[in-house]
Structures are given as structure tokens and as C-alpha cells.
Amino acid sequence: MNPVNYLYLAALLFTIGATGVLIRRNAIVVFMCIELMLNACNLAFVTFSRMHGNLDGQIIAFFTMVVAAAEVVVGLAIIVSLFRTRHSASVDDASLMKL
Amino acid sequence: MENLIALLIAAPLLGAAVLLCGGRRLDAVGHWIGTVLAAASFVLGVVLFTGMLGKAADHRTLTQHLFSWIPVGGFQADVTFRLDQLSMTFVLLITGVGSLIHLYSVGYMEHDERRRRFFGYLNLFLAAMLLLVLADNYLLLYVGWEGVGLASYLLIGFWQHKPSAATAAKKAFLVNRVGDMGLSIAIMLMFTTFGTFAFGPVFADVDRTGQGKLTAIGLMLLLAACGKSAQVPLQSWLGDAMEGPTPVSALIHAATMVTAGVYLIVRSGAIFNAAPDAQLAVTVVGAVTLLFGAIVGCAKDDIKKALAGSTMSQIGYMVLAAGLGPIGYVFAIMHLVTHGFFKAGLFLGAGSVMHGMNDEVDMRRYGGLRKYMPVTFVTFGLGYLAIIGFPGLSGFFSKDKIIEAAFAKGGTEGWILGGAALLGAAITAYYMTRVMLMTFFGEERWRNAPTPSPAEPSVEPAAETRGEHAEPHPHESPGVMTIPMIVLAFGSVFAGGLFSVGDRFLRWLEPVTGHSEGHSPVSALTVTASTLVLLVVGAGIAYAQYGRRPVPAVAPRGSLLTRAARRDLLQDDFNHVVLVRGGEHLTRSLVYVDHTLVDGVVNGTAASVGGLSGRLRRLQNGYARSYAVSMFGGAAVLVALTLLMRAV
Amino acid sequence: MSAAAVHSLWTTAADPISKIQAPKIEYGQLSPTLIVIGAALVGVLIEAFVPRASRYYAQVFVSVVALAAAFAAVVALAADGYGTTKAHIAAMGAIAVDGPSLFLQGTILLAGLLGVFTFAERRLDPAAHGNRVDSFAAQAASVPGSDSEKAAVKAGFTTTEAFPLLLFAVGGMLVFPSANDLLTLFVALEVFSLPLYLLCALARRKRLMSQEAAVKYFLLGAFASAFTLFGIALLYGYSGSVSYATIAQVVDGTVTNVDPALANTMGNDALLLVGTALIGMGLLFKVAAVPFHMWTPDVYQGAPTPVTGFMAAATKVAAFGALLRLLYVVLPGMRWDWRPVMWAVAIVTMLGGAIVAITQTDIKRLLAYSSIAHAGFILAGVIATSKDGVSSVLFYLAAYSFVTIGAFAVVTLVRDAGGEATHLSKWAGLGRRSPLVAAVFAVFLLAFAGIPLTSGFAGKFAVFKAAAEGGAIPLVVIGVISSAIAAFFYIRVIVLMFFSEPRPEGPTVAVPSPLTMTAIAVGVAVTVVLGVAPQYFLDLASQAGVFVR
Amino acid sequence: MSFPLLTATAVLPAVGAIATAAVPAAQRTAAKWLALVVSLATLALAAVVAFRFAPGGARYQFTESHAWIKDFGVRYELGVDGIAVALIALTALLIPFVILAGWHDADPMETGSRRWRPTQGFFALILAVEAMVILSFEATDVFLFYIFFEAMLIPMYFLIGGFGDHAHEHGEQAASTQRSYAAVKFLLYNLVGGLIMLAAVIGLYVQAGNFSLPEIVQARANGSLHMATGTERWLFLGFFFAFAVKAPLWPLHTWLPNAMGEATAPVAVLITAVVDKVGTFAMLRFCLQLFPEASKWATPVILVLALISIIYGALLAVGQRDIKRLVAYASISHFGFIILGIFAMTTQGQSGATLYMVNHGISTAALMLVAGFLISRRGSRLIADYGGVQKVAPVLAGTFLIGGLATLSLPGLAPFVSEFLVLVGTFTRHPAIGIIATFGIVLAALYTLVLYQRTMTGPVKTEVAAMPDLRVRELLVIAPLIALLIFLGVYPKPVADIVNPAVRHTMSDVHQTDPKPEVEAAK
């Protein structure tokens, strides 16, 4: 099957993730959407690696996962602390600072 | 010899410096310092005069180069003095009459606590006036020209606490500035035409350039002359200038400064001779002014303003003569000198009268003063006879010559100008007789004088401001005041004869101004005869009106012309409406424009940027997701742009 | 460890083990980064093992020493000629050791050092329960206003983790501008971003805002890095490699041995263009360029001021470094595609930052917008695409970072009951109360405004000059106009400080410890020196202006 | 390497400024005296420059040149021609009077913190301005000039906004707000001008590759540096705009009335008599020499603008209610004359313009400082609040009148010489413009005399009845200025001789020669 389709899939996933970031209020969900985008990237990497017949892409995918994990650690810490303070994980509630 | 010329100016200048910077410690002796220095300058002048007489007629011109003043490229202005017969005449007149009036002022200003400063100003005036007549180039002349303007400004406004005086002074300076504009433009024209503005070179090159340029220069010089000599249309300041102390009126606004215009025209004879159109303009101005002044003089009840009108008219004669070219130059100057004597005498007389009458100036509250102040009466009377041109007295000779010259111009112009001159003579006789009668004859109207109606514009406000309506006790003035009057009276009686016998004055001045006998359509005899007839007529009418009938203490309403004449023929109203009002509106609207438009544009830009900022600021609404949207949009645009760039 | 290295391992794995050659790592040349990261790890250990009472001192000591040592190492490398003659690519093509990276690393390290000083400041806040406190939360985990927080404060806890976090961030920033393949770039990006997210959340006062800032920064940052990553993926897809050199060759079309797959993807410019755009967006996000700037004011306002100062200075340096390398090393071949785009971005950034700043009422937000405007100015230099462009940007970054840290350090001094008094209205009449502080701040503002005889002017002139020589005259004109607009609000602050009457309830100016004083003093000194006698540093920058390829 | 005279002339006040600022808060008087002494020492140095300057010698003298910022092609290059010497002398001459006149202007009203030292600041700032102005007159390197041209805004800004006369019809609060408005307006106008010039400076560098004025002029002369017509014009406009704001030329003038109105009289003098001169000076030195062709191209427009400034400024002066604003608008009119003279492109015009800068400096200083003394007595700037002052304070009135007469350029006083030269210089090339400009002298008489009449003459107002006459310090300020006005009016030759050669050089740079008089042309 033509690997290019995987690229389309990746692009689709990426767009879905981005849209999710834009439309969802809950910080956790937003964050998950971001993770989705990262995974879309991974898919793209792997596909390209397959197309080019070298393994860089696959290795990068591993790196990405690690980075994503690190992001989870940091991100959840922040989001949780926010949640504990405000008893809501809605991104829109966090709008003290504006203008 | 020529090294003395600078001293002529230095003496009064020193006086001015000492008196003005000296401070109060000089109050006691200040006036004498001033007088002595003025006299010193006169003596010096006499010495130079005798020295000059000793020389051949065409070697009498002395020049003294002091230093290079403004050297810039081709523009070379030097401080150089030139003493020839013409300037000599003026030096003697200025310093002579000047010294007399200094003397007179010692008495007149006795009770003024600022007398020292008054003398300082007088000395300053002498210095400036001498600079004016001694300058060897137009720029230096310009310095003197404005210098006398400054002195006149200071002296007219000497009683600054009187708003009227301050206003009059300002008006005089401003009107003169308009004239000065003419002079400076004339100088610029000379520079562009001849590359210089020194008398000698300019006159030498006159024939090298076109008539148009010369006419322009001539007209500009005429404008300057109009300002300084109170000729129509720049005459309006002279009447108000009477706000100044009377000695000032006598010296500056009768004898010397106001005649500077005549000097300028005569001095620039070479230019005018080559520019007939300019000459015609000069004669017209002269003729108009001599009638204008005369008419105004008829209507005034304020003795000084009446005299001012007459001054205007007499200078009109001189300008007319000067405009006639070589036919008239000499007589213009001659009339100028004789006029210097008798008009100064008349003013001093008027001053003496006011001195005796608690500074009352309204002739309608005089009357019958001859027995209270005999000396004043006699000297004033002689001056009167002289000015109306009574046979044998100075005015007769000088004025008669001018009228002849006017006819001698030939053609219709000649007739018109001559006619005007004749008519002027008649009116002169009328108004002077009127003054004479109202002041010294008739019943004593100053007893239980009623307060004048404020509506009367000719009554000077000083009378009210000082609030002296108590019955005055007329008395003769002290010696320091009468002596100058007597001397001047002698001048006004004999000067004319002295000059005319054997054409002395003509031959004296001819080398400078040149002279040519015009061929008059009417014989000199007829002119003289008709002058005398008109003289009698004028005086007769005046006698009929003011000598026979009693003079009302409050002026009757009078005919339209009379009322117009009282208001200086409405010139001030015109100026007020057109210039003052218009100017005020212009400036006010400009202030508005500057604030709203010029400044507004800038402030508007600033405000709009601020507004834009305020609007953009709202995008920063604090919602992380909207930030994300902008990022996403931004990314999209970025991608699109990049692709687009490759596409194009 | 770079992908290429791994790849070579993999492909040779089939052969006998003896054939495996260990990847070659030039530790000496990577020493700055290694020192800092190592110190950060030590910091973690300190948190684990050193008794609470002495942690603060230990952390400060370690951080200062480490940063100083790293800076010394950078200087040594530069002196050794790695900036110029011996410049080359280390760590199997992962890290470039050349002029720009050394210059920027030096700048970042100094900024980090001053940052540590401001972090360690403990005299400003009133002592809580008899123990001095810095501007970091007693215990970030405890809910604001809760009993646990009170207890933490009572117990005199302090978040000394801030220091290792800062060190990690610095470590990442050191790698970021010198990264020579896209993977390293991405990793470095995350390595310095994540600690910053955390640091933003650690404020002692106004914790709600602090946490909000952290959330916003984190979400948007992650969002942006996702885009970057996708861009990287596309570029990788286009060129079949992530190493700058290879990509550059592919872009230029000077690549040798083109296999069919590569030929296929090479033909597809969309990959290249979109990839470039997305990576560019990630970097522009970090440098706070319009329209990717909207996090800046909120984060700058909410984060603890020392963090803001450090972040504002160092992040910009690192990010612009990376941007320069990307555009100059990887994409010179497609200059004609990205230059117009950058033009647009630079213009909107300059104008947008300057205009919106006019109506700001909070000093930290004001400085945030000014930093946006400055990003625009620097972009003007980036666009020049000439050696002068590079060196001018380097110089500008150095000048700017010191001014920024100094300015924010001054902001920490002006305090009232609620902590720092950042609302502009409270600054009224400061010049009367404490002329010295006001004067110092005025100097920084004038430098921001680019008044002659300050470093700001020298920098601005350098970049505009480079841009003009690069033919971007309109850009210069717009830059000049926007700096005129910018001048307006800097002046506004000065007016406020000097010409308006002091408020009775106005703030007090705390007397700082030598630490903050040093930071400010250094800031002023550099500002003036770079303004009056910039030649030496310009030489430095222009020597360092060459990228290794 | 001879003694760096020019550097010394500028460094001395700079050091003095720092020293003055460092004087402890308590020793206010010490600071004043220090500043005065320093300014006098500077005057002495400036005098040395003026007397050692050889008019016949090289174009730029006492030159110094050191490397500064190689990368920007900037050198520390100083050198003075006659024009610069005249203006440096003027600056150094006026500063002591400014300091003396402002002796009590900065005595602190309110008590700030113990470090709040307004007095020290005031005099330090004045000296700082002096240093920067002198340097900008001396700089022959465009960039160096630009730096001080911009930098001098900052001390000026603090002088305007920080110290006003505490007399205001709407009270102190309104006064301070208006002051800072004026200060900000001043700064922004000049900053915008300066930044636009910055763009042009950069453009110039791109064209020329260095900033040395003599080198560029020479390169342009021998054709080795060619500029496209369009480029040259744009650069010219960039430079001219900045100078026109500074000068100020209509319609960029509106900052001046605010600044001069709100600032104390000495500061106002500093603005109009010293700082603004840098603008006109720079037109003469940089615009004409760097961009001769563009200058000629722009001349018609500039002449018209200058003409508008002359008439417009004078008319607005007539319409003012505020003494200081009146003087400000009068200055706008006079700057119109200066610019007219510069762009008349004749020897008379440019020499006249240079003399005008000097004379206007002195005359405005005289008028403005006396006005300041007057205002400090009555505590109001409104003309309507005065009347009959000459009765109670004759000396004050007298000096005020002389200042006024100088402003209306009465012959015999210095300004006449320069004004007439400008008029003649303009007339020889553009008669119409010359004639219209002469209307300015009538208007000048109008606003001056109206001012004098309303304030000094008439019945004595009760508020001024107790007004003391000039004190010794004040007399010390005014007397020398008046003496100078008279001396330069009677014997301007020394200054003219210094200026003329420089003007001749400039004329040759713009390839212009004076039009020949008609008769000579005929011969």
C-alpha cells in the first residue's frame, strides 16, 4: 500500500489534534490533543523513514516519545496545581491576565 | 577739517549715553549737560561752515571714512560721512534749532521728574538726525533714519503713563516702519542694480541702467519719504504725535525730522531726474498732502493739531518742489529751512501758551491772551505772518518760489500743481489767521470754562486725565523759554530775505542739487500778485468767522467736511476698519488655526495611534485558546505565504 | 547522540562486533553544556540529600560556580580559535562549535549568571517567620492560601529547585543555537522550555497569576513545538535526513548520490516549504514575533519577575541563534522564499509590539510588548542575509539581554504591601522618592528606546545598517517609525517617574542585597559601555559572524 | 599631536556637569558657583578657539581624528570652520548668563527624599547640554554629530519638564501637567525628526561607506562618489526634516511655543538661542555640503516655507496673550529669516544667516531673560496682568525695551545687520520673496511694541506697584548682553571676517555664485 496514505493520515491526525486544542476547554483534553499532534508527527516520521529507507525517522519517533513523556510530567504537574487551586481544569477560567 | 565731522555726531551721542546710563545722580545737572553738548555740536557746525565758505564752490564736499561696517562679499557698507552744502545746511538747522529747543525745554520740562531722560532722548535724536544727513551711503542713512524714528517714538511716548501717548508713539513708529520698508527695498534694488548703495557710485552709474529700475527705486524712496514726512497716505501719525511734549513737536515734528523725507528726495535727485514717472508721483503726493494738511488744519480746535496740519501742508509744499526736479530742489530746501524757523517758533509759542494755561490745548478755551503773554504774542505773530507768506518775511520768499516753480513745470501738470499750491496758500492764510484770532484775540473764553463734550475728538485727553478745569491764570513764560522764541522769530522774519537777496541760497546749494530755471507760462509777478490776493481773501474769511463773531466755547456741529476734517478726513477710521480690525481678525483666526489645524494634525495622529493600540489590545483577551487560534492562523498564513512566494 | 550516528551503528550491526566504532564525542568542545547539565544534576542530588537549611547556599554556590566555569570554558574555546579557524561540527554532526554558537553561549551563560543572582535575592520580601525568603513559592505543590501553604511558609520552606531548573534551561539554551540537526534542535527546545514552564509557576506572591501564566505558556508552548516537530518531519521527508548539512545540500540541489526515493520527495517542494514554515513558526513563537506573541505579555506578567527577566533575555538569545542557523545554514538556498515572509513578520512585529505597548498599564506587560517590538528589530537584521546581518544580530542580542535583565531586576525593587508594585500608576514620582533607582531605570528605558550613547542605539544602528545594506530600506524606515512610536511609551514611564507628583500611598523601594545590585550594576555598565565604546564587542561579533557548514 | 583644544572645550562642561551633579544636597550654593565657574572656564576656552582661529587658514581647523567605531565607519572627528567658531563662541558666551539668570530657578520647593537634588541637577543638566551642543558644532563626522544631536534631547527634556516657573494661572498642578506635556511634545517632535534622520544617516552610509564630512564632500566633488538623483533627494529630505523640526520651520514649529512657554526663562533661552541653532547650523553644514544638488532642487519649497514661518510666526506673536509664547513665535519668525538666508544661496544670505544665529541668540536671550525677571516678580506670564511697569521699575523697562528693539532689528543693534544681509541676499536672487519677507520687519515692530506698550506703559497696575527694579545679579546678566548687541551692531566686522571664508567654501560646495549687479553685467 502506498506509504503516502500514511502521510495523509498523519496530516489528518495532526489537524484533528490542532482543532481539538482550539475548541476544547478542559486543559487535560487540550493537552491530550497536543499529544495527538505529536503522535501524528511520529507517524509522519516513521512513514518518511520507510520511504527513504533509512532509520533516522524511526529513531526520532523514539525521541519524540521521550520528549512527550517529559512534557506529560511537567504539564500534568502544572495542570493539577491549577486544578487544585481553582477546582476546575478549564483553560478559559484561567484568564486573570488580559489586555 | 573733515575729522571733525564725526564729532558733530559724537557730542550729542555722548550726551545721550551719559544721561541715559548716568542714573539719578545726574538729575540735577542733566538738562544742562544735554543743552551744552547740543550747543557744542552747533558751534562745531559753525566752525565747519566757515571753513567751507573759505573754499571754492565745487571743492566744498568733505568726506570722512571711519571704518568698514558690514563687509560681506560684494556687499560693502562703510561708516563714511559726507559733508557738503546740502548736509551743511541741515547740520546748522538741526543743531541750531535743536540747541534753542534744548534751552527752551529747560524751562518747559522744569517740573517733570524725568527731565534728565527727556534730554537724553533729545540728544539721541540730534545724534541720529545728524547721522541721517551726514551719511555717505543709503544704509548708514537708514540707520539715522530709524534712529530718529526711535527718538521720536521715545519722545512722543514720553508721558507713557498716558495710554494715548503710548498708543500715539507706537502708531508713529509703525507707520514709519512701513516707510522704512520702502527705504530698505530701495537699498536692495540699488545693490542689485549698482552693486553698491553709496551716494557717489550710485549717482555716477544712474545713466547705465534702465528707467524701470530707477522708477522703482524712486517710488520706494518716495514711500520712505511719505512715512517720515507724514505725506499722504502715511500721514496719519503726525496728528497723534502731538501727544508728545511741545518742544518735541517743535523740534522733531515741525523743524527737522519730518523734513527728512524732503532731504532724501533732494539727496537722491540724480535718481529722480532720470525717472520722470517717480517725479510725477512725488509732485502728486506733495500737492495732495499740502491741501490735505491745510484742510485738516482748518478744522482742528486743538492748537497743536492745527499746527500739525499746517506742518503737513508745508512739507507738502517742499515735497512738491522736490518733485519738480532741478527747478525746485533749492526752493524745497529753502522753504524747509525757513519753515524750520517759523514753525518751530509757532510751536514754542503754542507751548508757551499751554504752559501759561495749565496745558490746555483747546483753542476754544483761549482767547484774548495777547495782553497776558506779550512776548509769546509777538513772536507767535511774526511766525504767523511768516507762514502765511506776508511780503518780506521768510515764508513769502520761499513759498512764492515754489508756486512759481510749480507753474514752471509746464503743461497741464504745471497748471494743476500751481493751482493747488495757490489754493494751499489761501487755506494756509485762513487757518493760521483762525489760530491767531482764537488764541490771542476775542473775549477770554478760558474764564469759567465748561468741561468739553467728550464726543469732541479734537480735544486731547490730557485735559481730562489731568482733571485741571480750574480757572487758569495765564502768565508769560520764563526767560529760558522766551529767548529761543525771540531768536526763532528773528529767523522767521529775516531768513527768507537773507537767502533770496542775490540768490545766495541758490548759489550755495546749486553745486550739490543743480538748478535750472523753468520757463513759467505765467510771469513771476502775476504769481506773486495772485498769491497775495488769495492770502488776503483767506485771512479775510477767517476774520469774518472768528474775528467779528464771538467764538463758541463748544465747537458747533459743523458741515460734513468740517466734521470729516476734524477726524483727519476719516483716515484713522479707514485704518481702523481695514488694518486694525482686519489684522485682529487675521491674527485671531491664525492662532485658532495654529492650535487646531497645525497642532491638531499631530495630536490627531498620536490619538489615532493610541486608539488603534486600544483596539488591538482587546485581542489580548486572556483566553489561551484564542491565543492558540491566532497562532494557528499565523501558521496557516505563514505556510500560505511561503507557498505563494514560490508560486510567484 | 545524533540520528546519523545511530543509523551508522544499526547498519553496521550485521558485521562482526569488532567493526563497531564508538561514536566520537569531543567532550572538550561540548564542555560548557556538559558542565551546566552536570551541575543541574548535582543540584537535583542536593535537593535530595542536603539538609533543607543549607540547600539554598549549596544550590547558589553550585549554580554560580557551574555557570562561571562554563563561561570560562566558552572563553577558552573561543580563545582556542574554535570560534573562527577551528570551527567545526562536533558530536558526530549534532553540535556546531563555531563563532555564533560560542558568542551566544557566552551571552546566555552571563544572562544565566545574572539570573541566578536575581533568583537568589532574599532581602526584598519581608522576612516570613524570621527566615528570609526569595521570590519563589514556599511550596509550589501547596494550594495558595491553604493551611499547607501556611505551614510550609512557617517551616521556612523554599523552592530551591528553581536553581537546577534554571541550570537545565540554560543547558538547553546552550544547545539550541548550536544544534546542527533538527532532532537536536527539537530536543534542546524541549529541554529549555520545560524548566521554564515550571519556573513560571513558582511565584511566591500572586500565585494564581503565576500558575495561569505557567498553564498558558505550557499549553501554547507545547502546541508550538508540535508544529515545529511536524515541520521537522516534513523537512526530513523532503530531504531524507535531519542533518543541516544534508538538508542544505538537498535544498541547493548539490546533493550527491540521489536515490529514487529522495529524487521523488525532492521533487515535492510543498514538503520543503510547509516544513520550513512550520519550523519557522516554532522559532518565531519562542522569539515572540507577531502573530505568535500573545503568550508573551501574560507570561511575563505572571511569572516571578526574576524568571521573567532571565526568560526574556536568554530565550530570545537562544531562539534567535537557532533561527539564524536554520536560515543561514539550512535554507540559504531558498532565501527568496523565506525573506519576503520574514519581511512581513518583521513589519507586523515591530509595529504591533510598539503600538499595543502604548496603552499598557502594567510595567511588566509594557516590557513584554517592548520585547516583542525588539524581536521585530532583530528580525530586520536577520533578513539582511549577510555576514554583517549575523554579527549585528549577535551584537543586538548581547546588548538587549543585559538591558532586559537589568530592567526586570529594577522592577523587583519597587514593592508595596502586595509584593511588587507593577502597576504604572504606582510608579508616579519615583524619581522624587529614590532618584538613583529611577535614574537607573531611565537609563534602561533610554537604551530600549535606542537613544544614542546607549547600547540600544548601537544595536539598533547595527541591525538597521545591515538591513539597509541588504537592500531592505523600507524595513529600516518602518523600523524607524515604530521605534518612534516605541519611544513614546518609554518616555511615558520616565515622565511618570520624574515629572508627576508622588502618591502618598505609593510603593517603597526595597534596598536589595549585593546580588541584585550586581545584576543591575552589570546591566548599567554593559549598557553604557556598549553604547559609548562598542567597537571591541562589534569586532567580537563580526569575528563570530561566520557559521560552520 | 597638539593639545586637543576642541575636545577640551566640550569635555570641560561635561566633567563640570558630573561634578555639579555630585555636589551633596546641602551645598546648593556651592553647586551653583561650581557650575558658573565651569561655564566661565569653558567661555575662556571658546575664546581661545575663536582668537586662535585663522580666517584665512584651512577650512577646518584644530582638527582631531581618532578611530571610534570602525564597523560603523565612524571616527571621532572634530574640526571647526568660521561658522562653527561663531556658534561655539555664542554657546559658551550665553551659558554663564543662563546659569546666572537661573540662579534661584531650581531652589527646591517641596522636600523629596534626602537624595533629591533638583538644584544640582538643574545646573548639571545645563552644563551637559552645553557640552553636547558644542560637540555637535565641532563634529565633522556625520554620525558623531547625529549622536550628540539626539543625545542633547534628554537633558533638555528634563530641563523643560523638571523645572518650570512656579507661576501659573491655573495653579501648580496644572502647571506641572502642562510642563510635562510640553516636555514630551518637545522630545517626541525632535525624536521623530532624529529617527527619520537616522534612516537617512544609514542610507548615507550605504552610499558613502563612511561618515567623514570632508571626505564625502571631496568624494562627491571629484565624482568618485556618485549618488542617484532620487537617492540624494531622499537622503536630503531625511536630514532636512530633522533640522527643520529642530530649527523649527513651519509647520513643524508647534512644539516651540509650548516648550518655551512652560520652561523657565533661562531654559527657554537655552532652547531657542542655543539648541535650536544646531538645526540651522546643520542645514548649512550638512544639508548643503552633502547634498548640493538636492538642496538646489528643494530650495523653492524651503524658501516658501521659510517665508510662511516669517509672516506666520510674526502674526501669531501679535495674537499671543502670554509673554513667553509671544517671544517663542517671534523666534519662529526669526528662524524663518535664518533658513531663508541659508537657502537664498548667496554670500550675503548665508553670512547673514550665520550672523543672524549669533545675534538672534543674544537678542532673544536679552529679551527672554528680562521677561523672566519680570515674570518672577509678578508671578504671571499673561501680558494682561501687567501695566505701567516702567513707572516703578524703569531700568527693567528700559532693558526690556532694548531687548525688544533688538528683536525688531533696529539699525544700530546687532540683529539689524544680519537681517538686512539676509534680506539683501534673498532679494538678489528672489526679489519677490525678499520683498514679502520685508513685511516681517513691520510685523516685528508691531508685536514688540504692542508687548512693550501693554506691559510697561499706561497707568500702574496695583499688582505691579510694589515691583522692585532689577537687582545687581540681574543687571550683571543683562548689561553685557546689551553691550554686546550694540557692539555687534556697530562693528560686526570681526565676526563677519571669521564667517565669510567658511561661507565662501559652502557656496563653492553647492556650485553657486552671487548674481552680478546689473551695471557690472552691462559693463
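Should a chain be cited, it is by its letter among A, B, C and D, assigned in written order, with residues numbered from 1 in that chain.
FYI, a residue touches a chain if its C-beta (ideal position, glycine included) is under 8 Å from a C-beta of that chain, and two chains touch if they have at least 3 such contacts.
Predicted, not measured: the structure shown is a model, and the values here were computed from it.
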item: Other chains in touch with both chain B and chain C; value: A, D
item: Pair joined by the larger number of C-beta contacts - A-B, A-C; value: A-C
item: Far-end chain from chain C, centres as C-alpha averages; value: B
item: Most centrally placed chain - per-chain CA mean versus overall CA mean; value: D
item: Inter-centroid spacing, chain D versus chain A (mean Cα positions, whole Å); value: 65
item: Inter-centroid spacing, chain B versus chain A (mean Cα positions, whole Å); value: 97
item: Centroid spacing, where centroids are CA-atom means, of chain A and chain C in whole angstrom; value: 24
item: Distance from chain D to chain B - Cα centre to Cα centre, in angstrom; value: 37
item: Interface hub residues of chain A, defined as touching at least two other chains; value: 18, 21, 30, 91, 94-98
item: Per-residue multi-chain contacts in chain D, two or more chains; value: 188
item: In chain C, residues with contacts to at least two other chains; value: 215-216, 219, 223, 227, 297-298, 488
item: Pairs of chains satisfying the touch condition; value: A-B, A-C, B-C, B-D, C-D
item: Sites on chain C touched by chain B in the complex; value: 215-216, 219-220, 223-224, 227, 269-270, 273-274, 276-278, 280-281, 285, 290-292, 294-295, 297-298, 336-338, 340-341, 344-345, 352, 355-360, 485, 488
item: Partner chain C, residues of chain D touching it in the complex; value: 67-72, 110, 112-113, 115-117, 146-148, 150-151, 153-154, 157-158, 161-162, 173, 176, 179-180, 183-184, 187-188, 191-192, 195-196, 198-199, 202-203, 205-206
item: In the complex with chain D, residue positions of chain C that touch it; value: 391, 432-436, 446, 451-453, 457-458, 461-462, 464-465, 468-469, 473, 476-477, 480-481, 483-484, 487-488, 491-492, 495, 498-502, 533-535, 538-539, 542
item: Interface residues, chain B side, partner chain C - complex; value: 606, 609-610, 612-614, 616-617, 619-620, 622, 624, 626-628, 630-631, 633-635, 637-639, 641-643, 645-646
item: Of chain D, residues touching chain B in the complex; value: 188-189, 250-251, 253-254, 312, 315-316, 318-320, 346-348, 351-352, 388, 390-391, 398, 405, 410-412, 416-417, 420-421, 423-424, 427-428, 431, 434-435, 438-439, 441-442, 445-446, 449-450, 453, 456-460, 490-493, 496-497, 500, 504, 514-520, 522-523
